[in-house]
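Got some structures for you, see below.
In what comes next, chain A is part of two complexes: it sits with chain B in the first one and with chain C in the second one.
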Partner chain A sequence: MRGFNVLLQKEFREAWRSWKFLWIPLVFALLGMSDPLTNYYMMDILNAVGNLPEGFEMLMPELMPVDLLQASIGQFQTIGLLVLMATFVGAISKERASGMATLLYVRPISFGAYFLSKFIVMSTVGFVSILAGFAASVYYTVVLYGTFEIGSLVASFFTYFSWLLFVLAVTLMMSATFKTIVATSCAFIVIFMGQMINAIVGTFWTVSPWKLPLYGVQLIRGTMEMSDFWWSLMMTIILTIVCISIGTFTMKKNASMTKI
Partner chain B sequence: MTTLLQVTSLTKQFAGKVVVDGIDFTLAENTSTALIGPNGAGKTTTLSMLTGLLKPTSGIVKMLDGDLRSTIGFLPQFPQFHPWLSALEFTEMAAKLNGVPANKAKLEAQKTLEFVGLGNDINKKIATFSGGMKQRLGISQAIVHKPKLLLLDEPVSALDPVGRREVLDLLKDLQQETTILYSTHILNDAEEMTDQLLFLRDGKLVEQGTLHEVRERFDEPNYVVEFNTEEEADHFIQSEHIGKAKGRYVYIEIIDEKESMQELLHHLSNAPYKIRKVERQTASLEEIFMKVAKKI
Partner chain C sequence: MMEELAKVPWAVIAPLIIVQFILMIVALVDLRKIHATNGPKILWVFIIIFVNLLGPIAYFIVGRKQT
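This part shows the complex of A and B:
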């Protein structure tokens, strides 16, 4: 793994200096706090906006804390992933297209080290982001609705993080394999089409990475079929490793695509 | 002289189009070689294959002293840097990636940046650098690990005259202890610092040798006689039946050094007007370049 530490330092510097450690977690925090707040104050918001007919009555559903966390995760699944993937999908392909990769590729570096250093920094940004998102969501839920059991909440968090590692590995693999535009399309298709297919046939398709976000919530509810959970988790980890391996291979193979 | 790099029938095709066509050459240790040729001749492609970034379609690049990637330094024509790093951080990273021990890398990077004239800007972000500064930084990242072979793609083409002069002087300093191969289409530069010339045209190596050898082969020396007016020059040609006029100048081809000189002196002594200057002229590299570029 020649040059791993040096490359890792470079990637961290980049992420840090381009404010990625600040603005992406901020996006997740806003997403996380929006559901508990809007749901709780829905009646007040409606009243304040006005124009409700005289004698209007609305039955607000009785929400459990876990319902609000699930709603927040739903936000991360769409806008959150979009932000993360769009930020990182050029990590390798853009470096090649601009020619910045040239000065690194001519050195005796290991492509495995370079790929992993990028993956680790992305994962760290992802970790901090969902930590901020979960924290914001849980904080307002606890203040406004009720408490969580800490053990299952932590389990749920790490289940979601495993899913996020898979998303980032797919994103980076696409970036190593294709040019930015194609990589973006492919990564979005895999992740978001997967979610749609999961939404349609998910009842029958119980073992897949796309299941993990829901399973994390079910861990809190206590309704989880544990064998499905473990199989899905294992599959996700294996697929993540496969993506990293393919990505390292294609990154090396495509080294000559760098602009000279 | 010991050979450092040996290139044998190196060929590159892109989608069936031959860009580099079976070229052979060797680089001896601590010499500098200019790779010259018109645009599109395959200079950059050749250099890219030597760096290992581009796989040759066929042919062999053989480094006789260690592994290729760890013994070269490379400066692309338009080097691109990570703009959020400082010059020192980038150079230090370059050194470390090439195996300079971590405790020495920073010092080496500082020394190199001072050597290329960026001593006052080592902590500035690369994003704020001008074109000339980036070119210097490009050189510093290529030499910080003291490579045996330095490959430079058009190192001075993008610089203003002052920057060009300074970079050329830098390269001359490096010439003492490094093997340099650089491409250029600015022939004055090649004339100034080169032991070997490689002429590329349409991917083929059409001419090769030392500057002296190439010059011998292509030189068509002339005597140039300058008169005061065009009329005098014309009159001289008509009365003496010698040479070709071009304005106030008369060009006389030298066929045999001694005879031609005697003949010229004889004719000149007959001329009834003042002669401003008589000069022996040899072809500049530019003229040779034009001849090689057009040679079929």
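This part shows the complex of A and C:
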């Protein structure tokens, strides 16, 4: 772990200077705001733009606070993850392509430290982002609908955070293994196709990382089968560690791919 | 005028306005400092100012040229 602190500082400074700590959390906050707001003002929105016929009536579903949190998490799952992955998928491969990595690789750094420093900065950005997203969503839900129980809300938050760690580990591993374009498509296929497969035939199994965001919501609802939850959480953590190890290995192997 | 302003549900709208404002300022500051962008700079100024919420985000994702 030579030079770990220096590398960590470098990564933090880079993320700070490119405003990543500011705008990605704000995007998540916007995503979190959108669902409670649109649901609450749905009738007004329809009246304003809908061109509805005279005497039109619609029965709106009675929404619980947790339904809105689930809708917000659904937003994070698609647009939020897209933004996060698109920003970070070039973390290693772009450095190789631009030749910046050469400056680092000629020094006696350990690849494990370098990979970990990148991963830690990415997960910090992810943590701040979903914190902002959850805060915005919960704020509007509390203002417009009703309150949450704080304990299960925190549990749900950390469940989502462990899923996010898995996503980021996959992204960084792909970035270490392939060139940027291939890495982007591979990471997107793993995460988004996984979600799709999970949605279509996911009823046949109960333990998988892709189910974790839903389990987080079910924790709040109180309908969670706890053994499934712990197994999924454990599997996610193990897969995250495996991804980090593979990433470190392939990063070392691909060190010769740098442009000089 | 003041009564109408008081009728606006500020608890609902204020966070949205603040977020939009911060995003716009940050994007404009960054645009001022950055060397080159994808596409002409003046175009990004208009996008950031006139496209609410999505404009600054679009700038950060595709506008910045990373070297």
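As a convention for this text, the second predicted complex is superposed on the first by the 259 of 260 C-alpha atoms of A that agree within 3 Å, B and C clash if a C-alpha of one lies under 4 Å from a C-alpha of the other, contacts with A are read in each partner's own complex, and residues count from 1 in each chain.
Everything below uses one rule, namely that a contact is a pair of C-beta atoms (placed from the backbone, for glycine too) under 8 Å apart; a residue touches a chain by one contact, two chains touch by 3 or more.
Being a predicted model, the structure only gives us computed values, none of them experimental.
Novice: Please work out whether A:V27 is in contact with chain B alone, chain C alone, both, or neither, and reply first, second, both or neither.
Specialist: It touches chain C, and chain B stays clear.
Novice: Contacts for A:A255 in the overlay, against chain B (first) and chain C (second): which applies, first, second, both or neither?
Specialist: It touches chain B, and chain C stays clear.
Novice: Contacts for A:S98 in the overlay, against chain B (first) and chain C (second): which applies, first, second, both or neither?
Specialist: Both: A:S98 reaches chain B and chain C.
Novice: Does the superposition put A:V128 against chain B (first), chain C (second), both, or neither?
Specialist: A:V128 sits against neither chain B nor chain C.
Novice: One more residue to check, A:R107. First (chain B), second (chain C), both or neither?
Specialist: First partner only.
Novice: Look at A:S18 in the shared chain and tell me whether it touches chain B only, chain C only, both, or neither; answer first, second, both or neither.
Specialist: both
Novice: Touching A:V6, do we find chain B (first), chain C (second), both, or neither?
Specialist: The first partner, chain B, only.
Novice: List the residues of chain A that touch chain B in one complex and chain C in the other.
Specialist: Dual-contact residues (chain A): 18, 98.
Novice: Which part of chain C faces chain A closely enough to touch in the complex?
Specialist: 11-12, 15-16, 19, 22-23, 26-27, 30, 53, 56-57, 60-61, 64, 66-67
Novice: Within the complex, which stretch of chain A touches chain C?
Specialist: 18-19, 22-23, 26-27, 29-30, 33, 37, 83, 86-87, 90, 94, 98, 136, 139-140, 143-144
Novice: Taking the touch rule as given, give the residues of chain A at its contact with chain B in the complex, in rising order.
Specialist: 2-3, 6-7, 9-10, 13-14, 17-18, 98-100, 102-109, 255-256, 258-260
Novice: Per the contact definition, I'd like the list of chain B residues that touch chain A in the complex.
Specialist: Interface residues on chain B, with respect to chain A: 44, 47-48, 51-55, 67, 69-70, 72, 74, 76-82, 84-85, 89, 93-94, 96-99, 141, 153.
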